[in-house]
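In the part that follows, the structures are each spelled out as structure tokens.
Shared chain: chain A. Partners: chain B in the first complex, chain C in the second.
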Partner chain A sequence: MRYYHLNNLNQHTGISRRRFLKDGMLVPLALAVAGGSISTLFLRRADARGFYLRPPGAVEETRFLAACVKCGKCAQACPYGSIKMAGGEAGIGIGTPHIVTREVPCHLCPDIPCAKTCPSGALDRKLNDIEKIRMGTAVIIDRENCLSLRGLRCEVCYRQCPLIDKAITIEPRHNTRTGVHSIMEPVIHADKCVGCGICENACVRDKPVIRVLAAIPGQKDYYEF
Partner chain B sequence: MGLSRREFLKATAAAAAFAAAGTALLKPEVSEAAEDGIKWGKAPCRFCGTGCGVLVGVKNGKIVATKGDPAAPVNRGLNCIKGYFLSKILYGKDRLTTPLIRKGNKMVEASWDEAMTLIASKFKDAIATHGPDSVAMYGSGQWTVFEGYAASKLFKGGIGTNNIEPNARLCMASAVTGFMTTFASDEPMGCYDDLDLGDTYFLWGANMAECHPVLFSRLIDNRLKNPRVKIIDFGTRRTRTSQMADTYIKFNPQTDLALLNAIAHVIVEEKLYDDKFIKNHVVFKKGKTNIGYGLEDKFKFADDPKPMTFDEYREFLKTYTPEYAAKLSGVPAATIVEMARLYADKSRKVNSLWTMGFNQHSRGTWVNNLVYNVHLLTGKICKPGENPMSLTGQPSACGTAREVGTFTHRLPADMVVTNPEHRAKAEKIWGIPAGTIPAKPTYNATEMFRALDRGDIKVVWIQVTNPFQSLPNLNRYRKGARKGDGRFVVVSDMYPTKSTEVADVILPSASWVEKEGVFGNAERRTQQWYKQVDPPGQAKNDLWQTIELAKRLGHGNLFPYKYVEKEMWEEYRKFNEGQGKDLAPYEAYTKARGLRWPVINGRETLYRYAEGHDPYVKAGEGIKFYKNKNDGGKAVIWARPYEPAAEAPDKSYPFWLCTGRVLEHWHTGTMTGRVPELKRAYPSAVCEMHPDDAKRLGIKNLQKVKISSRRGTIILPVELNGRGKAEKGNVFVAFFDETKLINELCIDAYCPISGEPDYKKCAVKVEKA
Partner chain C sequence: MSFKWWPIRRAVQLSIIALIASPLFELNLFNGNLAAGELLGIKLADPLAFLQATLASHLFIASFLGAALIVTAVYLASGGRTFCGWVCPMYLLSEISEKLRRRLGTGERTYSLNGTRWALAMTIILSILTGIPVFEILSPLGVSSRAIMFNGRLPLLLVGAILVVEVCVARRIWCRSLCPVGGFYTLLGQISPIRVSFSRERCTDCGECLRVCPVEEVLTPSLADNMPQITSGDCTRCGDCIDICPAKALGVGVWYTHSVQSKEVSP
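This part shows the complex of A and B:
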């Protein structure tokens, strides 16, 4: 399974940014982009921890950054306008395609037009099963503020999940607070979640309590040397 | 106002303590010690018929918070996601704040005086030229009791026309006629406590998981506590409810009639019925068959009930063998037998729950009758944890439309205009000359808008509802309203809607806690709230608007009140007294988190018709359906056959179309559509389709399709694997999206007895767009 290691990625982009800014020829451009990207930073165009949600079929991040020619064809092919080209805050990734889930998530087109148009191999053109992609994994990052976990009948993330009952299921349990209701807990199954971000987009909280994070590698339930 | 806010707050705290004593010990969160200067008051939720209690926090004249009311027995502090955002519905950017009058193609701002003068002159002209039946009021199950009562009193008792209808005709009318024909009194015998107390739940055409969210979580909790609990979902679409049910039984649309008769057949043939109960509490009847579909204008129907014996009923059921019903419905015969035995299992406490799948049905009254048949045969009725329960969709479909009786044929407390004694009683209470109330009902909702289209109705005033999105066969009625030639449409609303689009005058209305009100929920619970904030701009209470028209038409004497709400309540209460529908004095409701009627000596009734619960039932009687005097206090088992739908799929239009709701939005979306969070959570309508059908037509998930019926066409993206999964040969579209008017496709066929249209069945074709 493809995954990003957060520390590596941070290190990577950190170095890149330094190198990027050192490069005198690009300083004016960098300043212009930085000015324009303050608002986008607030929209968390880039994850604070350096995670970019790449379009379906993206190869491993380091290889992706090497391969992507920033042509924007994937963004053009996306019928929903989900794919944005990164600004200066992305460092070396400037101009690379990514998805800002809170704006427009990936709607998982069955024919995957974005990947099909990729000329560079940054996106896997041979991809033909949208349910097999792993852009990332949804995680309820703020259980305290999840309305469903507080017993309210929300579960918007679950009902809007394009892989409903596979990637997210509902597991009801008794609500001790009222004594007669059940808490309908949305449970995410990482082995099925494709990381499209529809749940994060749909979350009704100002700060979404469900977020797509870098896909976590599967670990076995026995110890391996 | 009779009570000061201080008194109210004290009273609610006391009532909360009272309510808590009866249930779990919950601390009331209402107190005078305002946190951060926020004052909290109680109100029922503005959305569905569940009737959850909320606390409204007000600071500096604006609502700053709403939260589930921990002292409310219905929801104990919980809400669904709509209820969570409840206060936001008042603060949409495009709130209507001033009256608007049409000048050509423009809506021009006007004063209330100008607007009301114009409306009154149109009413007067139409009445003088064409008679009182040329003016009409179209109201709502979201009307407060006062708004509905005032409208009914003005139209029936003042203007002298029965041209008054609520949108509840589109939603609950079949439940009403079901109750009336079987028990001779509207509304359920049981209450929500049955969700905790039973162990077997049959859901029929009800997506409770999405449409009654808080009640569903209560039902699921019952199952978590008790492994015996079984939930069986009968449906034509795999929903979130089906997903969580123990058993999902899909059936072909319309064949619920055959299924319920087959279940009764098995119960009778296998002698699983409660013989003693039947002897003591049941009579058998049959009515007319081949009763039509109301498709033609001015359709009329009157049933002709004939008594029959148990043996004749048994004979009637002979047709409905499990094999016959299996053929029609697609449900295996063995499953039907199994379900019949489960219904009749003496060790089980059985409940049936249903909503629009039954009510929006061209045989809606029949199918309501048929589910009662099963409960009456098995005697599983009027007992804690064992009842048939009709769930409702609007916050006061029961309290206002049904109890006040704002239908063309009704008067308060189950009375009807066709009965001279009922008219006389109403005229006496209203203090109007005998003979004022016309004896003939005029139009049901669909017929009312047909009459507007034809020009028989000239002036119609629409309050608290959005018919020009919610009527079936919408194209006809939208065009009809704008035909000109003296037609005049007044719409009172809080936001611009598909109905204000066709209006000649738009009146800005106060909503929810911007006015004082009373709602009645599905379990007979009457809930009061005070006005807690001022409406924006010049927006005004619909009650004030109606009374203002009354004054200008010379009927101001019908409303001689100082504290309008309280005095009107005490007057309204006279209708209910001694009728098995007794209501408490107004004061009681200001304190309690709602009371379930009949309320006698301050005590509410959990189970109607049951000794020990219902004070109308004498000691030793056990169960008595005392409202059905004509049948000696017995309920009626009806022989109602299977008859096909008004329109079924054929070669040209091969799919069934069913419409409905999603959890995030409520009805036509005029309120939830103003909540950005809900809008983002579920932005627009989709067409649910079975993957096999899509494959056959070469349609991929999310691809746009053109859906057409004989009446209209819309384009929508297809969803093959969403929250609702269409069965083969069926498609489903939610009706909240005002940019995609699916109701243009719906057929305006209705149940001949209830007059309720069938939004669940018509024939469509689906093509790639």
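This part shows the complex of A and C:
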């Protein structure tokens, strides 16, 4: 079936058996081993790079990195341009989609076009309810600088939240510093927060005091009272 | 003015780049890139991207398999590495590097064509072992298409590096010896019915075809042993040898001809 054999190659291209073996087997093998070890190192380092906010419907991060083929269809489907493709700084996550909330957060389109268009299952195409999205959970990371917690009537995160009164509620309490005022504290409920990042985008401080972090999984609750 | 393949091939190559760039101009013809895309609502996927993602993630998506099978069927019918010769932007880059290289007279080294199949095997093994679609991380094809789609520039350093190596060190090393996608289509090309045909009677042994062919090893069985078709899967079916042949000894062959022509050459 195969017509060309070593003799012909020798005759016409002047490749010796040694050269053939060296270039045909050893060089690619050496390249593959080198490539493999580099990519393994690369992979270890990338684990420590922290949290990337993935588009709606993203499966668990390890599996997401396994399934994403970096085709960019989700980013093209996003009408707000929220989804960016990561560059080299993402390590093995290079070319994967993520959302930079401080630039453009996810606006939670009701038909979730990004997840629908994903070919490989990295985003769950069957997701059809925006309240079931779990990209992450918003957390107030800097309580000292939160204007609401300092007793001012800010509450911008609460007003902007697409799941207002579900994902973020306002819980007033007595302001012990002044003794006469209230503190209107924004409280995030991890079981409702979808992690869209609109609160982080809306935070009025130069550095957002509320940020979306990795989703907090639900815990069994033995402490009802 | 005789018929030439290269203007058609160049037009196809450029229209692929235009299609990848089309969403930038709000045209709804094509989404995605050559790893996975959607052309006029038809889902397409690179079979190797499908294999890597599925083996790495253990997630099976039926429509992804369907998209990969459509692409496999198209290239199986049209010649396997026709993907390389007619579609892939990296091949266009290697044609540019070849022009530069000839002008400068550098980078004469060539490496074995087996490299692509080694790369294919390593890609699949590493994808299973690491749980990461290994080639999709490094793919200059993905890097360059994302650079076109999203105006990214920095990742083009990788593509530039390949260009420099190809011009200075080894002739067309990416397409000839390193690309696992090429390795995959080589396997299809071995059984594909579209081949370059060869006529011993017409051939004058001028060697023009060997000069233009990116993978000139594939011509050896025909030129030396008078095989009536170029049977190697490494042939990219680019048609450059057909275009250049002054004696019209090379043409498009369909289906298989296994009979060996007589060795006598008419004077």
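Note that in this section the second predicted complex is superposed on the first by the 171 of 225 C-alpha atoms of A that agree within 3 Å, B and C clash if a C-alpha of one lies under 4 Å from a C-alpha of the other, contacts with A are read in each partner's own complex, and residues count from 1 in each chain.
One rule holds for everything that comes next: a contact is a pair of C-beta atoms (placed from the backbone, for glycine too) under 8 Å apart; a residue touches a chain by one contact, two chains touch by 3 or more.
The structure presented is a predicted model; accordingly, all values stated were derived computationally and were not measured.
J.: Please work out whether A:A190 is in contact with chain B alone, chain C alone, both, or neither, and reply first, second, both or neither.
T.: neither
J.: Classify the contacts of A:I92 with the two partner chains as first (chain B alone), second (chain C alone), both, or neither.
T.: second
J.: Check the residue A:I141 against both partner chains and state whether it touches chain B (first), chain C (second), both, or neither.
T.: Neither: A:I141 stays clear of chain B and chain C.
J.: For chain A, which side has the bigger count of touched residues, chain B or chain C?
T.: It is C that touches the greater number of chain A residues.
J.: Looking at A:V104, would you say it contacts chain B, chain C, both, or neither? Reply first, second, both or neither.
T.: A:V104 sits against neither chain B nor chain C.
J.: In the overlaid three-chain picture, which partner chain does A:A202 touch, first (chain B) or second (chain C), both, or neither?
T.: The first partner, chain B, only.
J.: Looking at A:I164 after the superposition, I want to know if it touches chain B, chain C, both of them or none. Which is it: first, second, both, neither?
T.: first
J.: Touch test for A:G179: chain B only (first), chain C only (second), both, or neither?
T.: A:G179 sits against chain B, while chain C stays out of touch.
J.: Mind listing the chain A positions that touch chain B in their complex?
T.: Listed in rising order, the residues of chain A that touch chain B are 107-111, 147, 151-156, 159-160, 162-165, 170, 172-175, 177-184, 201-205.
J.: Give the list of chain A residues in touch with chain C in this complex.
T.: Checking each residue of chain A against chain C gives 2-4, 8-9, 11-13, 20, 23-25, 27-29, 31-32, 35-36, 39-40, 42-43, 59, 62-63, 65-73, 75-77, 84-85, 87-88, 92, 94-95, 117, 119-122, 125.
J.: Show me the residue ranges of chain B that touch chain A in the complex, using the header's touch definition.
T.: 24, 68, 75-81, 84-85, 196, 210, 213-214, 216-218, 220-222, 224-225, 240, 243-244, 662-664, 677-678, 680-682, 700-702, 721-723
J.: Quick check on the complex: what are the chain C residues that touch chain A?
T.: 23, 31-33, 35-38, 43, 45-46, 49-50, 52-54, 56-61, 63-64, 67, 111-112, 114-115, 118-119, 122, 126, 130-134, 136-138, 142-143, 145-146, 149-150, 152, 154-155, 177-178, 216-218, 220-221, 223-225, 227, 231-232
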